[in-house]
Amino acid sequence: MSYTLEGETGEWEVVIGLEVHAQIMSKAKLFSGAATEFGAAPNTQVSLVDAAMPGMLPVINKICIEQAVRTGLGLNAKINLHSVFERKNYFYADLPQGYQISQFQEPIVGEGVVTLDMPEGPRKIGLERLHMEQDAGKSLHDQDPKMTFIDLNRSGVALMEIVSKPDLRSPEEAGEYVRKLRAILRYLGTCDGNMEQGSLRCDANVSVRPFGETTLRTRTEIKNINSVRFVMAAIEHEARRQIDIYEDDGEITQETRLYDADKDETRSMRSKEEAHDYRYFPDPDLLPIILNQEFVDDIKATLPELPDTKKSRFISDFGLSVDDATTLIADVDVADFFESVAKFSEPKLAANWVVHELFAILNRDGLSILESPVSSENLGKLVGLIADNTISGRIAKDVFEVMVNGGGDPANIIEDKGLKQITDTDEIEKMIDELIEANPEQTQQYKDGNLKVAGWFVGQMMKASSGKANPQIVNMLLQKKLS
Amino acid sequence: MDRTTIIDIAKLARIKVSEDETENLANELTNIFDWIEQLNEVDTDNVNPMTSVIDMVMPSRVDEVNDGNDAERVLQNAPDRPNDGRNFYTVPKVIE
Amino acid sequence: MINLNNLTLTEAREGLSKGDYTSIELTKAHINAIEAARDLNSFITETPEVALERAAASDVRRASGNALGSMDGIPIAVKDLFCTEGVQTTAGSHILEGFTPPYESSVTQNLRDAGAVMLGKTNMDEFAMGSANITSYFGAVKNPWSIDDGKDRVPGGSSGGSAAAVSGHLAIAATGSDTGGSIRQPASFAGIVGMKPTYGRCSRWGMVAFASSLDQAGPMTRTVQDAAIMLRFMAGYDEKDSTSVNQTIPDFEAAMTGNVKGLRVGIPNEYRLDGLSGEVDKLWMQGVNVLKEAGAELIEISLPHTKYALPTYYIVAPAEASSNLARYDGVRYGLRIPGDSLDEMYENTRGAGFGEEVRRRIMIGTYVLSAGYYDAYYVKAMKLRTLILEEFQRAFESVDVMLTPTTPSAAFAIGERMDDPIQMYLNDVFTVPASLAGLPAISVPAGLSEEGLPLGLHLITKPFDEETLFRVGGVLEAAVKFEAKPRFLRGLA
């Protein structure tokens, strides 16, 4: 059951490879001690090395090597113990050195695998390689009528370029690949995956072919896509564009294109049209990176639990549904939050509350889990109070709303508002007796066979008890008394 | 090494070369490369290209911020800066 | 009356320490000499105020008993390749004219910290590319050495300005840089000592980069002992340079024991080029005899790939340079020639900013790295480099040092050897192999050509064994007694 696009001449398949640029989480840049924080005032995070002043030299930030290895291990990839930095030479305003220090023939990480959970089943997507490279600065074209302004804050920031094999076959798969990759990087703590701020960017290589054809046709590259939604839209649009050209008997030129989200179209990047001869050669200011197996093993030993493993554990140990588990592991912060809640209570119930009640509030108010008005500890306590029957689920929702609006420990709220569940059967029985006595008509209706009226009694019981009567006990006793 | 090659290389290197100069450069470079050809006399099939004269492990730096935070320092030699005094380099407008 | 312009570093060190004169007096004498010698064009930027400031500070230190050591108060010249804080640094190029670094190179900082007094920035071949100092945007440098034929002689290059300054007694010593011979070859042409340390011995941070895997800073002085003293202060591990090697700095001066008994000196066959001039060969053999008489063992060795060193160099160095010089684009410093587009601005700026030789080498370098040629040229050259290094290593199993001529001829006239770039490149035929292998080497003035111009002898040794170079160099120097002086100093035009 593959994804195909309907053309005039038949069905077409789309072949996609993604190159993801992920900013390495580090305090300082790849080869200099300038800061990497987003949003700083222009050119305030630029060292002499980043500005490519005469005589400046690179010195590698060791954490970047560790993060790259950690990422490679998290992607089930081969770690190359010997790798080399090479210079990629080209001229552009945001590239002060006139070359980018990157890795070409010998990257630090080799082939790996990412598994996607698609509706049709798991899909293994191959990774070609991962290498480290410098980011470029930023050009601002809209500040002046005649000039482009250059900010080098980003110049020299450490990036991992993660290259997939052309194994993706649909925009959905591509979207899921980016989501999964992003989740893994966040779990590993090697990249924060913030696409709005540009710490994760995507280039998509897209080609099409008639369904059934096995050779690869010419591909185009769509650069710098900064959201999952745009990745999917750009690919879909580009695939269509190529199909239309082929069906018109045209040819696809290998070129670089940009996705315009406003117009939902891709267009050719004129400035990068000319053939680039990057003249790669090993950077003579640096030595090869030589790692020993022990170094790699030490990092492997400290890898956190990754999404796939966590999901299996949630399902097998916690008994969560596949859907709930999938939702909860999608982001590391959510998974951690959930586990913290589950620790204080009962996992399945905790899952329910996080996925439904909490997410509803977060979505409503546009908050991330880290901005949750209710702490995981307090939510955990609330769920625990339901699990041990201190309050009913219904009451819990009221308590939750109080917590959302002012925070606080649920135990205190329950105490203050006297919301403890009534579980005393004698007390409930007494209330039922009073109710039956006060409502002979409805009692008679039940005895006459209208079983639905029991619901009315339950409603009345809730009213009379201010919602605090334990519903299971009410139901059981009502049945007994009414029959 | 002909004039077209010279023009291509000059383009790659972003150095303006005038029409008259291309002829001369083509000749000079042809001579130099003819002279360099002698390297082919040497059999290097089983030789590894040198990676470095230095035999040591590459040194690394600790991940800490100890540089930057001085826009003026890196901007002070710039041949052109925004009229309003903002901290940017400027180049002729690039159309992307 | 001591002539303050005729002191070696060793002598000045003693004079200052004994209080025979002050650093201010010494410095003023050299400032005057520089003014009087402007015709040589050895300086691009003179820094008399800075010099006097530093000299005064030195005297104050000395007066309070806090003298910093051998270099304290010594007036030196700095090749304009080294970035000097607050002082124009051009690398001999129009494209860096006006560039004033807000930072100081590690090597010159070391010398500043040692109390040395900077007289100014010396002229040099543009971006260190050249062996005659005629490619400088700021004009050619004249060798203080000349003969009575009405022609000015080249001082060699690329450290031609430094060589002229030391040779002409305008500075007691100078820093130079050597990539394929740029310290040693001008030292030979100018009758002074020039030394290239092991690659990694001195930091390259703050040196305008030409060829990263070859560039090294080194001392240019009038005696071997002076060079030994100065190198000690220039050298040192620098964590800002990933190719800087963390080696202890030996007391190079103390290594000059004068004893070479039992030393195994290699004479490489292949340096006896076809057509090697008789006078150079004669000088070489004189050097051989000197060492033999001093008790050294002379051994003939073979370095079969020697002749391929120059063409190898002319692939590797331009390749690295083409990339290192990409940053000179008119955006962040230096010259900018406007253009309607970014590329036009680049092309105009670099076209106007770079001289012919630099342009030539950038184009060679761009070509040898380009698609389709990378394997045939660059990789091939790096393989040759391995072979050259390996045969040196093998040879050093049976010898301790090698003796060769420094240059195939004495200084030629300004304007000669211009027909063909390769003619110019051949000046470095003896110096380039040691550069490719990263080995330390020194040139010691050894005699005069038949015309009366200086010629040097060249010693090469194992990595980080500069001590042997100073020891053997000192013995050679003492035996040869090179006391001739350039016409310039004799007041003759």
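Worth a mention:
Going by the order they are written in, the chains are A, B and C; count residues from 1 in each one.
As a working rule, a residue touches a chain if its C-beta (ideal position, glycine included) is under 8 Å from a C-beta of that chain, and two chains touch if they have at least 3 such contacts.
Small disclaimer: the values here were computed from a predicted structure and weren't measured.
When the interfaces A-B and A-C are ranked by C-beta pairs in contact, the top one is A-B. Comparing the CA-atom centres of all chains against that of chain B, the greatest distance is found for A. Chain C has its Cα centroid 24 Å from the Cα centroid of chain B. As a whole-number value, the distance joining the C-alpha centres of chain A and chain B reads 40 Å. Chain A and chain C, compared by their mean Cα positions, are separated by 58 Å.
Each of the following residues of chain C touches two or more other chains: 99, 101-102, 213, 239, 242-243, 322, 326, 329, 331-333, 342-343, 346, 366, 370. Each of residues 48, 51, 53, 59-60, 91, 93, 148, 150, 277, 279, 284, 286-287 in chain A touches at least two other chains.
For chain B, residues that reach two or more other chains under the stated contact definition are 12, 14, 52, 54, 56, 58-59, 61, 73-75, 80, 89, 91-92, 94. Those residues of chain A lying in contact with chain B across their complex are 26-28, 32-35, 41-51, 53, 59-65, 84, 91, 93, 139-141, 143-152, 258, 269-271, 277, 279, 282, 284, 286-290. Residues of chain B touching chain C in their complex: 1, 5-6, 9-10, 12-17, 25, 28-29, 31-32, 35-36, 38-42, 44, 47-50, 52-54, 56, 58-59, 61, 73-80, 89, 91-92, 94.
Interface residues of chain A facing chain C in the complex, by the touch rule stated above, are 48, 51-60, 87, 89, 91-93, 96-99, 148, 150, 277, 279-281, 284-287. Those residues of chain C whose C-beta lies close enough to touch chain B in the complex are 99-102, 199-200, 213, 239, 242-243, 245, 305, 307-308, 311-312, 314-315, 322, 326, 329-336, 338-348, 350-352, 354, 359-360, 362-364, 366-367, 370, 377, 379-387, 389, 420-422, 437-438, 463.
By the touch criterion given at the top, residues 12, 14, 51-52, 54, 56-71, 73-75, 80, 82, 86-96 of chain B touch chain A in their complex.
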